[in-house]
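Each of the two complexes below includes chain A, the first together with chain B, the second together with chain C.
Now for the complex of A and B:
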């Protein structure tokens, strides 16, 4: 039987394939029979310094989704942005403290795309090396991110 | 500027609270408050007054959802307790029951008008609707079981957060003057209402009682030198059926009160 989270995700998946097939294609690993891990890719918005660059986000959902935020990180190539670490972790308040069940996968992808769009230069977080070695395999949600505004 | 510091302390505190405190305790008398406030005379002094008006209280988990959770639990609990009156149209319980069922049915349109997306709120409305329909055949113990299951309990809470948020968003003109530290109602709701575990201020209480059109009477227990708690009633103007949710406020926390049967 499908859990509540799985039913909700199934509807989101249908919506993604119907409305965002071209913009945010979703891939679910075949061996993930629970379908609780998604790979969603997107292209940097036109006019932004990331224009045309394709990136992939990994979403991991828990049984308490959407009450609980998914874990969201970049997989593979990651954009050189001051709030994106080289292990793929993203400093963005809606992924942590400001997550709300009123959000969904496509709105998270749009927020990340828009975070990239507002950057004026490519850069890396100053503390990337120390953070990445400290982070180890812990979930991005276990850190005390400090947000200067909505996006750090 | 560091983006991160250490492993999140708030999360650890929240996990500790979740391990130690149930969502609700059984109804208990006030003797545990006497122990808690043994060395706190201003609070201690108000306990006899509470005892004179109320037979007991239910403690709620202090995870930032206590007002929302107490409100919806008490609403369901009183309707279940009085289910024999639900078919009598003259009973305030029956009137509240019909009104709430209608409000929940209408809430999709309201949430939609406030800018929420159906895919995000439908599950919450469906569950509350189903739980309301089941009231005539539900026992209090089943309601208590619901609130032992974190996913179900959180769904009840999140539904009320949606309603409060939508009410504030749709009445931004009236309430935008009351949000402190935020440029507007939308950013206030995004940060203070929509995420779980964010505490409730008076503005959210006003919105909750206005949106549901349900009266809440709150006994405020604080550090003043009086021997009575201070009663406040929401919404400020209420002309609906004779039905009330009773709560005890102590700084930063709400619990459910049970009045003496008269």
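Now for the complex of A and C:
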């Protein structure tokens, strides 16, 4: 029997393959029988400084999804952006305090894509090194993120 | 042992003009109420009903507005009079209508928040087709099980007071009647508790009793330093939440507590008792005795040997420089022109005297603290037992035995006041005020010790079955009552005196 979260994810997966097959392809690791981890990739928007660059986001869903936000981080190559840490963590309010259960995977990917599009230069967060060593392997949700600007 | 009758009229000059000044005794009259959480809830509901009537809105809406305005009633009223529509929109009980402009919305009367029953369609959380759905005025509809899960999660995250529609960036707040429709039993109680906590935390006139595990709340109108005696037995300061601390100000209490935290004291201790190895800068502690120091390799040192006083290599030292306990080089340095060295040394000396002074006050503070604790944890309950026995075996009316408990409680009060006088004394500058203060403090200490002895006097001699004569008991009663009164009055005078200036 599928859990509530799994049922909803199944519907989202169907929607993703139907409408976003080309833009946001989803890959679910074969060994994950619960299908609670997704890899979603996207390409930096035309006209932005990340144009044409392909990135992959790792989504980890809990049984309380979508009431609770998924853990979302960059996997592999990460964009050099002032709100993306070199361990792949993302400082974006909708992933933490501003999450709402009306959001979904596609809306998260679009928000991250547009966060990248609004950047005018490639950079790193100022506290990257100290944050990454402090973060260790903990979930990004366990930190107290301070969102310094609206885009963040 | 001092004579009680002497101390009741102590030698301090009593200011005759005090009648013109605000009477301290008046301020200290009991002007607070200890409330149970259920009484707070009642109060919250009363205010919500009052504002529902006053503003012509539902109680649900009134509660949302009050929460939004952090229970600042005047601010809510003023804003409402200024622009009702804006208040509704900002608080989240109304969606801004299309083309909404603040300036044009003044004076408009508006309808109420209402629940919309959804028609067939998809729940925007579980994505399933469910007939039975709820929505706020915004029309964002979710199935009942998703609403319940959502609200339970807000409760778990303690953000339910002020919780919004699950739709991202929808500003509408979830009304209480809906919350209580979805959360029952213990969850409903938790919600109510959170609501009351919000109210208490936002309201300057309320404060939780700081005693661990106590859930009483004080309501107090006159802000300021004030001892509150909770129903649980804890006696605390309304202004700062620490244990009641007359005659010391809240600020001094705070500094004293910081000072007492081991961490900050360690720093002073280190300054007074350690020096850095002149070679590797490792801190080295001197344990008394000889000046021959070795920077020990066992504790990451470099093995360098040097003189504690002049910091020169030990190899330069011999009986000609003063031997093990004296250092002529140090005397030369101190009388010479090396100012940096002298500054360093005077800093250390100062830290050392400062530390000694602090230890002296802290030890006395701590002794009274311990005695106070023992008296309240052991002596008062033991006394209550004795009173019951005297009543049961010797048929003394309970009313005639009250003095025993009162005296035991007075000992606790004296201990607490004495304890804080050592904090007060630590920060008091030397001078006439301090001399008089210390004299009176000593007297209160004597009185307290004597009262303590009397309270601890065994009552067995009055308990025995073959004692028929009650006069020894009444004699003890009169002695204890008299001494209790004297000590109490002395303590009150001392407190008033300290607070108004003893030599002023």
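Some points to look at:
Criterion: the second predicted complex is superposed on the first by the 149 of 152 C-alpha atoms of A that agree within 3 Å, B and C clash if a C-alpha of one lies under 4 Å from a C-alpha of the other, contacts with A are read in each partner's own complex, and residues count from 1 in each chain.
Here is the rule we use: a residue touches a chain if its C-beta (ideal position, glycine included) is under 8 Å from a C-beta of that chain, and two chains touch if they have at least 3 such contacts.
Since the structure is predicted, the reported quantities are computational estimates derived from the model, not experimental observations.
Here chain B and chain C are compared by how many residues of chain A each touches, and B touches more. By the touch criterion stated above, A:64 is placed in contact with chain B and with chain C alike. By the touch criterion defined above, A:83 lies against chain B but remains apart from chain C after alignment on the C-alpha atoms of chain A.
With both structures placed on the common chain, the touch criterion links A:142 to chain B but leaves chain C unconnected. With both structures placed on the common chain, the touch criterion links A:27 to neither chain B nor chain C.
Residues 4, 7-8, 11-12, 64, 66-67, 98, 100-103, 107 of chain A touch chain B in one complex and chain C in the other. Chain C meets chain A in the complex at residues 124-128, 140, 145-146, 149-150, 153, 166-170.
The residues of chain A lying in touch with chain C in their complex are 4, 7-8, 11-12, 64, 66-68, 94, 98, 100-103, 107. Partner chain B is touched in their complex by these residues of chain A: 4, 7-8, 11-12, 15, 63-64, 66-67, 83, 91, 97-104, 107, 125-127, 131, 138, 141-146, 148, 152.
Listing the residues of chain B that touch chain A in their complex gives 1-11, 116-117, 119-121, 123-124, 150-151, 154-155, 158, 162, 165, 190-191, 194-196.
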